[in-house]
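Both complexes below contain chain A, partnered by chain B and then by chain C.
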Partner chain A sequence: MEEQLKIDFEKKLKDFSYSDQEKKFKETNFKEFLKQGFPNRKLENWKFSDLNQIIKNNIGELTFYNDYKKENQIDKIELIRELEHNRIIIVDGKIEKIDFKFEEKDKIEVLDEQGEETIKENINSLINLNNAFSNKFCKIIIKKNYSLKKPLVIYHSTNKNTQSKNTNSRIDFKLEENACLRIIDIFKDNSEKNFLNIYYNFELDKSSILKNYKIDKSINNNVKYSYNNVKQQANSISETFILSSGSKFFKNEINCDLLGQHSSAFVNGIFDLDDENHHEIKSNINHLVENTKSYQLVKSVLEKKSKAVYQGKIFVSSEAQKTDGYQLSNAILLSENSEFNAKPELEIYADDVKCSHGSSSGSLDENSIFYLMSRGLNYKEAKKLLINGFLLDVIEKITDEEIKNLIKDLLGVKE
Partner chain B sequence: MLKINNLSAKIDNKSILQDFKLEINPGEVHAIMGPNGSGKSTLSNILSGKKGYDVTGEVLFENKDLFSLETEERAHKGIFLAFQYPLEIPGVNTNVFLKTSLNAIKKARGEKELDAIQFLKLVKEKAKELKFDEEKLGRQLNVGFSGGEKKKNEILQMSILNPKLSILDETDSGLDIDALKTVAEGVNALRKKNNSFLIITHYQRLLEYIKPDFVHVLMNGKIIKSGGPELALELEKKGYENIN
Partner chain C sequence: MRDKQIEDLKDYKYGFSTDIENFKAPKGLNEDVIKFISNIKKEPQWLLDWRLKAFERLKVLKEPDWQKPKYPKIDYQDLYYYSAPKSFKDKPKSLDELDPKLLETYQKLGIPLNEQKRLNGIAVDAVFDSVSVATTFKETLTKQGIIFCSISEAVQKHPELVKKYLGTVIPLTDHFFATLNSAVFTDGSFVYIPPGVRCPMELSTYFRINASDTGQFERTLIIADKGSYVSYLEGCTAPMRDENQLHAANVELIALDDAEIKYSTVQNWYPGDKDGIGGIYNFVTKRGLCKGKNSKISWTQVETGSAITWKYPSCILKGDNSIGEFYSIAITNNHQKADTGTKMIHLGKNTKSKIISKGISAGFSDMTYRGLVDISPKATNSNNFTQCDSLLMGNKCGAHTVPYIKNKNSDSNIAHEATTSKISEEQLHYCQQRGLNPEEAVGLIVNGFCKEVLQQLPMEFAVEAQKLVGISLEGSVG
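Presenting the complex of A and B:
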């Protein structure tokens, strides 16, 4: 693979007119990736999955270069009809369209120059890979006091026979003071056997609000990794909701640095898995100053041989007194062969904090099924009603009504 | 309506019911009284289709073999069990559940399903009759309900579903005297020419308000004595040990 990587990286550098700074940035990241390779079980974060193996079994040999000369199917992408929205369309890792048609033009700025501050970051080898191979830099700035009227939907799509087996995309966002942005990530996989690597970098200034809903619902044979890096100033709020379901493998990592007092982070999610799908959520909530709050709730419904992993970390630094950190995960295993792994990690260096965690897993309660069936529901209906009931409280955590209803529709939860 | 012939039931090879016989005709109210562990709840579980019992014998409901029917099919045919311990179902709204249940039964019978407005009208009316707090209908099913409220909810379900045969499994336990009266009124309101009841209880108390046509004494899985309402009074005086 190393040969392929080097060839593809050379082609990449030649094709795009990167500035010297960008070139250097890419080269540094590329070297780092070569050194580290794909993550494996030796890393605590990847204890439950060997990405090399997953790629080998589901994709085979990876290729990394795409000249984007092939006509993409951007016009064929089925857009969400249920709600009006701004959109970014990414095809094979390349941002093909940015359209904020519902917004005031001077309130949103799109930059293609990378700032100094993000250049030195070294998060993990997959981010190195992303930085080496992602296309033109893109940063979206939401101006002070501006709340977007409509949500921004980011479509992640792949062409049917995409040239490269691995695609990388990165978007940076800055929400200025008191700005508000809602993002919905939707996956439109037209290809099979691809590895999608997605990286978002968020800077939340004072009192800004970010809501990110990641919806992986349609069934596909791709392997995905997504990393959200969120840096939060005072009084800012980040809300992340992950509906993890359709892909063969999907690992979502959410890193929140609570840097300002009274900032808060919410990470909620549902694993709704079937067949042999394997999905993970890894969160790192870093409470770094006083009076910050985090809340995490993850619910799983696991069929057949599916496997879900939730590793929720709450880190509380010695300065972060009065931290309020909470995490809970519950799983229903619908088959003897399904598997749920929860690994709560609490690392606390302050003494005046409130932190708790809990996890449970079990099968559907047969007595409850009998109760519902004795009222005329068949087994399937009874099971569905119980599962919907089980998922309801995490769905209710979604603070955006429009998006909550969209997700309820997708899950078939009716009231 | 219901014919039970030589019904025997075992659970993990332990015999619970033995050669149990009972016939209930349309419009009749039967009470089964018995001490703890006599097989009362097993009987109601078997009639409503709970799994986990090895049974022999025959049960006919309107001349159809009951054992050939799934739990939900029994509900569709008009059998209702008011649970001794109604279950809490988190995340499921009581109203939604009631409507789903009623419409599942109507659909199976080929009747027209109720829309939201028709349903709400019906449920409000029934809740009022049973003095059931309407606000609770918007809550999760039985979650946070008191014991009495759960039992009332069972009777509310019964009155909405209007079954042919209602089995009340110790519905009186956990009820205060006012709730007991309300529940009894609810049952009495459903007493019609074609609706039958099987009331399972420890105590004679409930039978003061719901007058049974027949009383049976169940001991060690067998009916040892049957009679009219006076048998309940006799039991109350003598206790189960001295009846024969």
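Presenting the complex of A and C:
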């Protein structure tokens, strides 16, 4: 694979007119990735899955260079009709379209120059890979006191002919003081056996609000990895919701640094898995100052040979007194071959805190099914009703009504 | 009165060392030392081969480094692997022949070695440095067919039992410290309870490290045959020394059909001084195998000592309907560090496990609960309940919870909950209002916090443990 990587990286550098600074940035990241390779089980964060193996089994030989000269099918992407929205369309990792048609033009700025500070980051080898192979830098700034009228939908798509490719995309966001942004990530997979690597960087200034909804619903054979890096200043709020369902493998990592007082982070997720799908959520909430709050809720419904992993970590530094941290994960295993693994972790260095976590996994409650069946439902209906109620808990946590309804429709969950 | 008691106990009460001439093996870890140990113990060839096999394996093993508390590299060539009081070269036949200084030491420790003290009703096997000193109440036990002796004695007298079970729970191919123990273990206790016998008294072992530069590597093997029951206690102390001492013991429990083993530990090794200098490295491997149907193994531990505690008493629930339990209190103060927890591995049908862990950290210490619950696809209808609570005192210490939860069976349930908090001002205020001073109030609240675990201990130990909880936290409030 190393040979392939080197060839593809050379091609990549020739294709775009990168500045010297960018070139240097890409080269350092590329070297770092070559050194570390894909993450394996030896790393604590990847204890339950071996990405190398997953790529081998589902994709085979992976190539890293994408030729964007070919005709792309941006117009054929099916858009959401239920909801008026701004959009960004990404095809094979390249941002093809940025369209904020519902917003005031001077309130949103799109930058393509990379700042100094981004150069030093070193998070994990997949981010190195992303930085080495992603295209032109893109940073979206929401100006002070501006709240977007319509949500921003980011479509992640692949061309029909793209196969066994690794695609990398990265977008940086900055929300200035009091700004508000809602993002929905939607996956439109037109081809199979690709490895999508997505990296978002968020800077939340004072009192800004970010809501990010990731929806992976349609069934596809792709392997996906997504990393959200959120830095929050005082009074800011971040809400992340993950619906993890359709892909063959999907790992979502959320890293939240609560840097300002009274900032809060919410991470909610649903695993709705079937067949041999294997999905993971890894969260890292770092409470670094006083009076911060975090809340995490993850529920899983696992069919057939599916496997879900939830690794949630709450870190409280010794300065972060009066922290309120909560974490809960529940799983229902519906088949004897399904598997649920959890690692809810607390690392606490301050004493005046309220931190707790809970985790449970098991089968559907026989008594509840009996109760419903004695009232005239058949087994299938009873099961559906129970799962419906189980998942509704998480969906009710979504604070945006419009999007909540959209997700309810998608999942077929009723109130 | 109480003040005086505290004054007496404030410093490590067991910090004396006994001036006895020691007989040591040459320093260092090599085949010759292993042969030396084996030779001096007059061991049969199979055991020597077994040790050497472990040593071969040890050469390729790496010391694990994933644990939270880091420690300076141990130079395994700079340790004595065998140390025995010199007068022991010809083993004493009865208590009367024991070195009076030794007896004095045990009296200081409060161990009822003297058979006169029958009131206590505890059979004791005392291990001093590397050698088992004396076992009491032998006659009463022999009548029932119970074997309770040092493992070296068992090798001589009951080789068939030792050969059959040694290394079946902790195999030679296990991790670094367990394998190190297999290669150089010196002594320890051996218990065999015949079928259908309910052991009439608590069996107990006291471990003491006396000589400096010595590692203590004892090996305990407990076998409960069909339908039997035994409750076993273990206590540990060591003198105060500036350097760190290594303690890497292996404990293997085997419960056959319908048998029950209850294993309680009150660990009070020397924790090092206030600045974290000295103290014992307590790297122990404890594992129980519920081999038969309806068997039960229950671990109870009170961990207050050691500079670093790093151990996970585990249960392998192999037999159908077997039960594993783990009750733990871990207290760290000053610069102590602990990384402890349990593993519950469900293999049989209808197996149940329960984990109650209470961690308290104060001063500059660091406490980690690390646990694994693994329900395999064949362990239908299994259940686990885990509760781990941590209490923090001050903002210089840390409390961490790292549970691994794996469920591969849809008919099984796992429930896990954990909390971390401090003693609330309201509780303290309430107690003080009623006339308790702050330290007493904290002691009372902490004892309440630990109650679920303390209740599991046998009577005599419960009282000792309760005191220990109070002492360990001296000076951490205010």
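Assorted remarks:
Throughout what follows, the second predicted complex is superposed on the first by the 413 of 415 C-alpha atoms of A that agree within 3 Å, B and C clash if a C-alpha of one lies under 4 Å from a C-alpha of the other, contacts with A are read in each partner's own complex, and residues count from 1 in each chain.
Going forward, contacts are C-beta pairs under 8 Å (C-beta built on N, C-alpha and C of every residue); 3 or more make two chains touch, one makes a residue touch a chain.
Fair warning: this is a prediction, and the values are worked out from it, not measured in the lab.
Contact with chain C, but none with chain B, is seen for A:Ser335 once the two complexes are overlaid on the shared chain. In the superposition on chain A, A:Leu386 makes contact with chain B only, while chain C stays out of contact range. Residue contacts after overlaying the shared chain place A:Gly60 against neither chain B nor chain C.
More residues of chain A lie in touch with C than with the remaining chain of the pair chain B and chain C. Once the two complexes are laid over each other on the shared chain, residue contacts for A:Glu345 go to chain C alone; chain B is not touched.
Of the two partner chains, chain B is the only one touched by A:Gly376; chain C is not. When the two structures are aligned on the shared chain, A:Gly358 is found in touch with chain C, with no touch to chain B. Of the two partner chains placed by superposition, only chain C is touched by A:Gln321; chain B is not. In the complex of the two chains, the chain A residues touching chain B come out as 365-368, 370-379, 381, 385-386, 388-393, 414-415.
Chain B meets chain A in the complex at residues 48-51, 70-72, 74-76, 80-81, 83, 86-87, 89-93, 96-97, 100-102, 104-105, 108, 140, 157, 161. Touching chain C in their complex are the following residues of chain A: 44, 47, 318, 321, 331, 333-363. Only residues 66, 377, 390, 392-422 of chain C touch chain A when the two sit together in their complex.
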